Amino acid sequence: MEKLKDALDFSDFSKTERVCFYIFTVFLLVFPWLGVGSFVKTVMIQFMLFSLFGMGWNTIGGYGGQVELGKAQYVGIGAYTVALMMVWWKVPFWISMPIGVLIALGYSFIIGYPLFRLKGHYFAIATICTSLVLKDIFDNWNLVGAAKGIELPIHEHPDFLYMQFKSDTYYYYFIMGLFYIAIFYMNWFRKSKLGYQLRMIKDDEDAAESLGIDIRWCKIKAYSIASAFVAVGGGFMAVYNLYIDPASVMELSLSIKIALMAMLGGAASLWGPIIGAAFLVPLDRFLGSWLGGHKGLTGIDFMIYAMLIMIVSAYQPKGIWGIIEQFRKRGR
Amino acid sequence: MLVIDALLQGILIGLLFALVALGLTIIFGVMDIVNFAHGEFLMLGMYAVYWTNYFLNIDPLLALPVSAALGVLLGLASYYWLIRYLLRGPAIAQLFGTFGLMLFLQYLAMFLFSADYRMIDKGVLVGKSYSIGPFIFDGTKLAAGFLSLISFAVVYYFLYKTKTGKALQATAINKEAATYMGIKTDKMNALAWAIGGGTVGIAGGLLVNFYYAYPMVGILFVMIAFACVALGGFGSIKGVFFAGLLVGIIMMIFPVFGQIIGSDFLGPHFKFTIVYLAYFIIVVVRPQGLFGWKN
Amino acid sequence: MRSLKFMLFICVLFLSLTIISPPVYAQKEIKIGVLYPLSGALATIGRDLQRAAELTADIINNKTPGVDIPMAQWGGIPNLGGAKIKLIFADHRGEPDRGADLAKRLILDDKVVGLMGAYNSAVTKTVSAVAERYGIPMINDSSTSPDLTERGFKWFWRTTPHDNYFNRDLFELLKGLTEGKVKGVKAIPKAQLQNLAYACENTEWGSGVAKSIEAYAKEYGFTIKKGILYNANSPDLTSEAKALLSVNPDAMLFASYLSDSLLMIRTLKGMKAQTKFLWGQNAGFEMADFAKQLGGDINGVLTRTVFIDKITKVKKVAGQVNALYKKKYGDDLTGATARSVVGVQTWAYVLNKAGSTDPKAIQKACNEINIPAHELVMPWEGVKFDAKGQNILGRGLIGQYQKKPDGSISLEIVYPFELATANFIYPFPGWK
């Protein structure tokens, strides 16, 4: 109960932030009814999905300060669990998704234990390596469809148990639900004991150790939480796209995208990953959609995208949220 | 027989991997930055030699200075225009700053040269192979291995035997102490980027002799270079040399073992998996890499 | 304080920017959504496909003299009051989820009548799933994974033959060699061609080809001595090539995109590999760049394809369309781009037959369509779909790169036997 209260308590934010959050919530709630196009709706779904990923990454990468670049493997675990259980045994989404999360948790403990012997760049490269190893295994494992991937059967009629709908609006509200659960969880997390311990570790590992914090265990816990978040998103991707293959759910570029959005928005802040996703997802999708079909412009959209990444990283390493805070200080 | 053959092929390709990774490790040693855009320097080096060969009809091996010069310029430009600003931020912002640079260079290349694959077809060694005893070697790969070794030796000599090189080493080991000794950190950083860009430019020039150039080619090699650098120990020159060789050899020998055992499961499709796995295991056992002195 | 609000609102604004709806297009246009990989690693081929599709739409929309297809004299779709076909291109970059999102955009926002594309089989899977959900017809012109038409979809048709056809062609050719049916070659004892080895890229497409080769080898009584799946875009293929050569195969079979096929040929050459028969499954092996980059090194290499410019000698229509394409873009049509031509053409015929843009009418028209052979640029017997949506009248070609006395490389037809334009080079001459 206490925890729930903490999760719903946003009182330590400034009034403006709270008002913005409420406005934003209302905006999201009514969004599908504003007569928007369906592509926009898919963009919003992508935005919330990547916010979810980013908030997960934020536990270990933001609050914990560990350069984690292997989240795609957990997207894959979540997606594959849902897809395989549905194809093999017709297990409903609502059962297979939690199982996927449990598998991701278990796997993250096994991997996390040796992984957190490493620090800094060694850790970063090692996370990439573990993710690539898992991808290679799935790429060659005939039982799970190997590189051919898995197609989920399309149900003719909308089916809540299997999360099969014709209209994206249902998916929209579903991912929105997950999105808010994630926000509330993160709101609790940042005030929890683990949250404080992680920040202490980030600031000064030696000092944290002298205070009796079990550094490795803390990091593993945060890593597992992040993995669970990402696996939920992975499960959603499976039912949403109806087709998964290792190249689309386990690729290195996905790992980088997840971390990039959270970092660019502002690591170690509650709103950072959301802002990052709100910025980069539409940019990516719309630029691609507008410029992609035109001749002679190949690559321009990516060049703009890359410029923005460089500018934000160079100008304000705390990300877009850092820029906002900077303005705020000046405003006072 | 098979094993020896694989070993020799592994050494040849490993030398090139080591040269690709060399710049990465120098830059890292001096300023603790992992340069994601390293592979794109390689790619532009490849294009430099390709176009020189294409327009001026110069043998690709003689065009190496062009790619080296381009690499140096690229290194300096990215240092002065981007990296200096990134240095103020935390490690992750630096990582993504260079990631942005990587994307930018990739798509710039795509915009300028289109996504076509380009291969060199004119050159003294291009397409030639030589039998040495029972083994057959690709002429261009032999040249690449040999020239990599020479470039490596030159850089090694520079770093350990010249005054400037020693100053660079000093900066890498202890920045503050080096500053007290009157070494200008900024200059040293720029120097590291120049050497890093130059060596990878040469590597690109060598690579294009037997590999196709296209805008996304960097990422294939930079992942291996990352593993080499981390395996050898970040910042260690000796380390990266042996790690490069090791990675090359593992890559070539592993499928041969699969063949000897007669198992299809251990086929070539796992050759990179095994490299990454080897890195993971070695680094978990020895968290500072094989020759690392920094943590 | 104010600036903070401002920044936060910018974010919201950025998201809500999207409410601006796309412009309404002029009347009397029939919109077809076309998904191709227009940027990213496959941009080169994607652009070629786009050009071919646009050229075909031009032929349909404007009366084009000198092309002997009734369609060229239409100046729009006759049964729809001369309405013009408008192709709306979308760039999926080879990412399945992006493809699905763009398909939704095309269907719901752009209100296209139907879809075409998407080249990559993996993307075609997600795109066709969207089309199936919304009940919008999709004609696939260029994805060759056999699975695509095995899913029981009601809104999916494929004009191109799929990989099983092509692999069967390969084994027919091998069988033909042993029976002396091939132009310019005497019957070869089967024992000399018994042992095969293949290397396919480890993707949805490549692994499918591998499976199908295994199955046909059994059926035709050949032995697969070695089969390899390798990682696409590999930095090095030495060990793969060595593994293949270790079994001294009589025939080497490949399925790879351009990058790997270039590298594989160079690597094999570097090893002075010897084999009697070297065949590539389309993709990389049939692209114009393959011949351009490798030049004389590919004398004797075989590729499966669906279109070879030599066909223009045999088929008048193909020559006419090819001439138009060459005049406009400077290249000959290839197997991939010619399929895009047929894709758009099929759309035009289907729309004309349906006489309406109602999905149900189009569905019916698709199931009944029968385009005669002489109106196609392809050497097919026509376009006619079976219950699964597969065109049953399509067939593949096998071409052989042959070095001419003047040093130029030309791709000659060697299969089907009756269309052969040159003597088969056997055994594979290898590299000197």
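A, B and C label the chains in the order they appear, each numbered from 1.
As a working rule, a contact is a pair of C-beta atoms (placed from the backbone, for glycine too) under 8 Å apart; a residue touches a chain by one contact, two chains touch by 3 or more.
Since this is a predicted model, take the numbers as computed values, not measurements.
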Practice item. Please state whether A-C or B-C has more C-beta contact pairs across its interface. Key: A-C
Review point. Can you name the chain that lies farthest from chain A, using the mean of each chain's Cα atoms as its centre?
Key: C
Study note, to complete from the structure: Taking each chain's mean CA coordinate, chain A and chain B are separated, in whole Å, by 32
**Study point:** Rounded Å distance between chain B and chain C, as computed from the means of their C-alpha atoms
**Key:** 36
Check your understanding: Hey, what residues on chain A touch two or more of the other chains?
Key -> 136, 139-140, 298-299, 302
Check your understanding: At which residue positions does chain B touch at least two other chains?
Key -> 110, 114-115, 269, 272
Review point. By residue number and range, which residues of chain C touch two or more other chains?
Key: 39, 43, 202, 229, 231
Review point. Mind pulling up the chain B residues that touch chain C in the complex?
Key: 2, 5-6, 9, 13, 110, 114-119, 121, 127, 129, 131, 136-141, 210-212, 214, 216, 220-221, 224, 251-252, 254-256, 259, 264, 267-269, 271-272
Review point. Inside the complex, what are the residues of chain B that reach chain A?
Key: 28, 32, 34, 82, 85-86, 88-97, 99-104, 106-108, 110-111, 114-115, 215, 223, 226-227, 229-230, 234, 269-270, 272-273, 276-277, 279-280, 283-284, 287-289, 295
Revision key, fill the gap. The answer for chain C against chain A in the complex is residues 1-9, 11-12, 14-19, 21-22, 38-39, 43, 47, 50, 88-91, 93, 95-98, 100-102, 104-105, 107-109, 122, 125-126, 129, 132-134, 147, 151, 202-204, 206-208, 229, 231
Point to revise | Complex contacts: residues of chain A adjacent to chain B | key: 61, 65, 67, 114-115, 117-122, 124-126, 128-130, 132-133, 136-137, 139-140, 252, 256, 259-260, 263-264, 267, 298-300, 302-303, 305-310, 313-315, 317-319
Study note, to complete from the structure: Listed in rising order, the residues of chain C that touch chain B in the complex are 39-44, 202, 227-231, 233-236, 238-240, 242-243, 246, 258-259, 262-263, 266-267, 269-272, 289, 293-295, 297, 431
